[in-house]
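This is the structure, below, for whatever I ask next.
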């Protein structure tokens, strides 16, 4: 028979004022299986805990129930006390006599009776409790960072500086991301490349960082502390160990008219190319889709030019496997193209640009070397219109959210334009100006007041081309809804920031949840903004939602700290509240019949297929097995299992059944 | 018929399969036949009276053994086979499925995709008996329904023929045999009977193919098949599944939609 | 039968740890009062709540049941409440077919911040069940073995 | 091919030429139009701003009559009628509204009638026949003008690209014409003010005609009786707002195709226009 100790707390007068605590202790003391029952003023105090510890030893208790406050408050306290007395902490349960009883009811017979019932319920539960051990998982102290934009760069450097190894994977031939494309940055107008490129170089030279550019994640298996990542190294067609990065091949390449991704389509590049002059690594790759040799089987001019013989025509994609303990997702974002906007011409007008394209025009390293010129005829635009909120905050376009960065960069664009074209006239159409951030509002005021940018509050209904001009038809809602028509030379759309292409597929590969717009979902919107629902995978930057550079860097450092904290222990200790599939002696092995309906129900992909094999190695059955590293203990599979083959520790079928039955037995 | 017998004999004699599960003449209606050689195949029949769901046998390891076997399957059996496949209980390598189509031609399926495509042509409809009893139940008040079922359940003596006849009740240990805790009392009593049938219906959500085998098997004539049938009719459109044409993305209860109904949640 | 005014319904609440249990804790810390008829059983998630437990509650003499968890999209485990919601749709449909009084099962979403909603939910449910009276119909069947009296109509 | 037909008031009054050309073209393309019996006004222009129940009941009655007649698909040439019928059908998906309207009508209403405009009818049932039966290719540069009601609200009508529709352009190209890429395809012609504020109509319609003329269109093609009458009948007033008077004709898509198929100008109602049509 069980020997359970019951400890009823007065909580000063919090409980005893409405509940007859002495009667509770007395009646529970008479229950079958209860060896010891007392009440005391403050169970959580030092003397209170000592009562429990001593009783555990004195009566040889095999279960403890503390009738006190909410277990959400003091469960760890009392479990620790039990453990110190040598009792398995998971044999201690709490009955919530304060929040769920004394505080919500008046002093009465019924209140005391309810308290007795609540304690009884936990006594019946504890009778079915089993000693549990914390789950320990070894940790591989190496991190995988996916995406080499500013988020990935910052996260990699921060993790690497704590002394842990980092593997940084970048899809493009160079790291740098969108930040490398920007001209100047708000609100200080310092040059983006000037602050970014030193970091890029630092990544390349850091002894703890292994950089894979032109590579993509193929698959990720395993769980926190123990991931296995397969990475596809796309064939660069250039041997980087011998290539000196002299660039001669690039100059000789005859295919010169490929729209440059780095210049957002405004400039051109060759088929063998380095995306931009400050690229890291500063060595070329061959774009096989556009290369004459791969297209038609002839050319090879680059090979003839290369003095060190670095061109590798037959190089194939290579897949490597890396073992890592944590993953930081920093895959960034993308912006909608002008073709997304029927009302602004479906992308058919050359002088209607996206904000990103304008960045390239304004950048000293851009196709016009920083001069603002029209892509159509190269003329300097005398009248320019910026449309903030192009697509964003527009449910009809399927993008109801605010892209957050546009208000600021549009102010910056207008300012840069005014600085470069002194006699130019710029107009910004906006819905609201959202300039929340240090020195942000001041920056926007400067654009309006010092640089005389004309801010019009209202939307633009249509842009069309007539006689070489772009006719912008909008409305000024501050002046009684007056219609505004501007004959502009250039229109810049602050197009919505959207999830990067392929993010949905990547999320599915990693089993990370994502929102309806394919941005990765954080584990908790307030308290776990850098964690994902999959333990060991963290988020940094705009892959979670559009954000600016300081926020991205802050989040990346946050993710890095989470990784470092994970790596600070050799083993990961977890609560043993996890699901378990029963195992029995042969010939049954388990009551699980392997229908694997639990597999689709599990939010964490914790259900694995376990093959039961005979001595001769032949397959007898395939049953489910719970990966204890991945299981978070929700118990959805338990309620779903028809044959009751899965149970969850701490809330087993026997425990909850006993609880329910105890409540109404009379 | 001749074609079926010849083909079965051929399969067995050539050793393509070691067993053919089919039908033979019985006293009142066709009964299952398990032929392991070409002589046995002579007894095979296949007509519209062959509706006994043979899928119930194909998960029995002691019966089908480790070698490849064949089953002659009318539509109801084909639907069950599809569901069993989704639940990882069958493999294409082990099972050869034969049916006779509406024009009397023999058809063999070696992949489950073929079966799914074939089954998709047949619509599941209520028969006369189902229509009669269900429309009666549908016209009742709640209290009348409770009385109706309690009366029916008072006849149940827990023989579990409904469970044995169902191809989808293949668990090695059924929940009624679980005794820690004893969820459902083992003795026949109206409440325990009721709990068993509610439990059976819950276990069939998104799975039942409405073959009617459970009701057919009941020795005291309780229309237990109508519980699952009505459940399936009510829920299938809402949860977006078609009985016997299961999608691979999981069972109706192990998946969900963001906009599932919740008016009943306060 | 006793009149409904002095009938005290027995109600069991099945709640998840992260939202409704915490919400009920908040009811306590806010000192909001509610009826003593309800006793809370704690689960990690609504996804864990077995439908058989609800049946067992009635068999054991409960007059009503509350099932409550996190609001959609708030689930600590992302989707446990969505699975639960589906399960309850199916369960209600089957119970209704069998003639079980589904008005006696009250489903709700109560978040950790909705202390007053929890008090209201309990009080309203107690009032509703009190109006419905004891679940004698079910009890009579549950007591079958002792009384052997199902077929003898009272 | 048999299809229900709801002409509506305009087609029997101010826009008889539209009716004539629709009927003539349907005949030429072997489409049999079955007119809804005892049809009534759809309530466009006035009802929907004055009384919601009336605005839903009028179109609902038309559709109920069509349903009763056993029709499954109805072509509605007038853009305003088309819009009202589609919107009503959408609104009546609401259980309460539907019950109320059925109560008012005292007629059964299912709401599963397929409502299409003339462009959709030609796309679905005429495209092939048009291609093979063109006898006089329509070798003109024209501006296709869709107006407001044919494409908006897009969430309900779900027809064509909302800002830059293409269906009429495709039909014109199919009979050998060239279409303009211009900015006023779906701009408002001022129809709502066609009686009360003719000065506004002149200004708005003037904008449209001017852009078409500036881009050297030989005609404006329309599929809405109100657009047509504003651009055609109000030409005098329009020209007063412009520096240079515009004399390009405004014709219906059905007339344009009719011409290409060799149907006579009189049969197509081309003689009824205010601005002389010489194409």
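A, B, C and D are the chain letters, set down in written order, and residue numbers restart from 1 in every chain.
Please note the rule applied: a contact is a pair of C-beta atoms (placed from the backbone, for glycine too) under 8 Å apart; a residue touches a chain by one contact, two chains touch by 3 or more.
This one's a predicted model, so the numbers in the text were calculated from it and none came from an experiment.
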Farthest chain relative to chain B (centres taken as mean CA coordinates): D
Inter-centroid spacing, chain D versus chain C (mean Cα positions, whole Å): 59
Averaged-CA centre spacing for the pair chain C and chain A, given as whole angstrom: 37
Chain B-chain D separation of Cα centroids, rounded to whole Å: 56
Centre distance in Å when chain B and chain C are each reduced to the mean of their C-alpha atoms: 34
Per-residue overlap in chain B, given as positions that touch at least 2 other chains: 175, 183, 253-255
Multi-partner residues of chain A (each touching 2 or more other chains): 601, 640, 653, 657, 661
Where chain D touches two or more other chains, by residue: none
Complete list of chain pairs which touch one another: A-B, A-C, A-D, B-C
Residue numbers on chain B that touch chain C, as the complex places them: 137, 140, 142-150, 154, 175, 183-184, 187, 189-191, 194-195, 197-199, 201-202, 205, 227, 230-231, 234-235, 238-239, 252-256, 258, 260-262, 264-266
Residues on chain C engaged by chain B in the complex (per definition of touch): 51-52, 55-56, 59, 72, 79, 82-83, 85-101, 106-109, 121, 124, 137-138, 141-142, 144-145, 150-151
Residues of chain B defined as touching chain A within the complex: 87-89, 170-175, 178, 180-181, 183, 203, 249-251, 253-255
Residues of chain D touching chain A in the complex: 155, 161-164, 181-183, 211, 214
Interface residues, chain A side, partner chain D - complex: 342-343, 346, 348, 396, 462, 464-466, 471
